[in-house]
Amino acid sequence: MVENATEKRFFDCEIRVRYGETDCMGFSYYANYFVWFEASRSELFRHLGLPYTELEKQKIYLPVADAYCKYNTSTSYDERIFIRVAVTQCKMFSMKFSYQVLNEKKDQILAWGYTTHVFIDDKKQTVKVPAEVKALVTLYELSEKTID
Amino acid sequence: MVENATEKRFFDCEIRVRYGETDCMGFSYYANYFVWFEASRSELFRHLGLPYTELEKQKIYLPVADAYCKYNTSTSYDERIFIRVAVTQCKMFSMKFSYQVLNEKKDQILAWGYTTHVFIDDKKQTVKVPAEVKALVTLYELSEKTID
Amino acid sequence: MVENATEKRFFDCEIRVRYGETDCMGFSYYANYFVWFEASRSELFRHLGLPYTELEKQKIYLPVADAYCKYNTSTSYDERIFIRVAVTQCKMFSMKFSYQVLNEKKDQILAWGYTTHVFIDDKKQTVKVPAEVKALVTLYELSEKTID
Amino acid sequence: MVENATEKRFFDCEIRVRYGETDCMGFSYYANYFVWFEASRSELFRHLGLPYTELEKQKIYLPVADAYCKYNTSTSYDERIFIRVAVTQCKMFSMKFSYQVLNEKKDQILAWGYTTHVFIDDKKQTVKVPAEVKALVTLYELSEKTID
């Protein structure tokens, strides 16, 4: 599943749309895109060499501060898609991820979105983004319109 | 939502099928029945006077040991159904709940199932069903075939 | 569940957070807010006298064009919350809904969001918002900051 | 993901537990095992050379008649597991699948279950299991206790 191991700027997470992720309109249910976003975040962290489970062992958590998705073209059961994910902003206490939902050939943006996350400890206090995390991240923009 | 406050033998939990709970076959997705079972368990506990959150404060948890559902008739988006739930068995370390999924008029069993739960503490050790829980529970059978 | 039957400007949809809607951080999973938004939309339509199922019988569908949620305060299992929903924009071919996630007392905004929907027919062609829908809707702003 | 392409008796579907698939007890939510069962069914059908989407094009659907899962050991966020799936029964109008949820090393059965499916057409009439489906299937037992 690793697309660009040397560069580590973005990651393409493969998703096969499950039956239970569709709804009676016949396409993928809109809330599930955020589940896929989260799955791709996990894979990006692993890809960067810092599994999110390691962060949680250090009592660091990344709850979502806000989340957005724009839906261009519907996806269907059993469709093979890719969630392209990158860190697009890294501030003192927060980090922003952007996502492109790409078709199997990766020549069409089916959806686009972002999530912002604050770093907190196990007492729900905001903490600075750890230096080790900052060191691993290369900021990269994922446009709403064009595919790299 | 309380149907039989004095008797406390079973509880009817109202569910309105959500769009996201259906799939592209046009009906409710089968795994969601287990979500509704869980929602009805919560309501039954509250109805008995012992919210499940109270149990968890006492570091008592009820993970599922096994789960079964038999689907008779499909349900659809926006359908109003009832999950009738009762405790059907109470052993030393475990408890069994049974469920009838009833239509709005409560004259048809759309699905039927059960779940068995073990009682554990926060170290994942099995513990005895607390006396206070046993005291609150009246065993009651919910048949697969007939509605009370 | 009807809060303001005479005025029909907004609707407060009661939600009891389900166990399966939480995640291992201990709070409600972020994608589920969009599921609740959808549940509240259904109730708003019913409240206005035009169930969404009726629209679908007329082969009119409202897929989501975009969706946003801002999370202020986490919610937990068994918490009783309200999704306050209103139509905040009605254009030629689309409609925007806004949402406040309120605590049980309705004195705190736990989250806030919106969704935009296009009207399409069963051939996935964009159609005008039906006059009967427009006639039923009273535009109403739900602020990110203040509760009415 | 193909483990045994020549023999086609069972299929091991890789699952990475998503954050949203856990609950506030800290482990995977019980209903999601049925979602994974379904994902593995899809992969088994594809593996057999008959994607489920092809069946649906022929207006043949396989709704679930009943479903069971026994949970031995919990699974956690980001855990890599396998759903081993096989067809364990093929009758005139129905088919039964069994599932083992295996740990990453495939030396432990974390959960075990089955689902039974009836074959229906688009008028919800029961139909015979198509000969082409029967021809592709090799019955294979997946024990609750031992791993092949």
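The first chain written gets the first letter, and so on, giving A, B, C and D; residue counts start at 1 in each chain.
The working rule: a contact is a pair of C-beta atoms (placed from the backbone, for glycine too) under 8 Å apart; a residue touches a chain by one contact, two chains touch by 3 or more.
Since the structure is predicted, the reported quantities are computational estimates derived from the model, not experimental observations.
Of the two interfaces, B-D and B-C, the higher number of touching C-beta pairs belongs to B-D. When every chain is reduced to the mean of its CA atoms, the largest separation from subunit D belongs to C. Our note on geometry: subunit B versus subunit C, Cα centroid distance of 28 Å, whole angstroms.
Inter-chain spacing, taken between the CA centroids of subunit C and subunit D, is 35 Å. Inter-chain centre distance (subunit B to subunit D, centres taken as mean C-alpha positions): 25 Å.
In subunit B, the residues touching two or more other chains are 19-20, 25, 27, 31, 35, 38, 77. Those residues of subunit A lying in contact with subunit B across their complex are 19-20, 22-27, 29, 31, 76-77. Those residues of subunit D that touch subunit B in the complex are listed here as 25, 27, 30-32, 34-35, 38, 61, 63-71, 74, 115.
Only residues 16, 18-20, 35, 38-39, 42, 51-53, 77-78 of subunit A touch subunit D when the two sit together in their complex.
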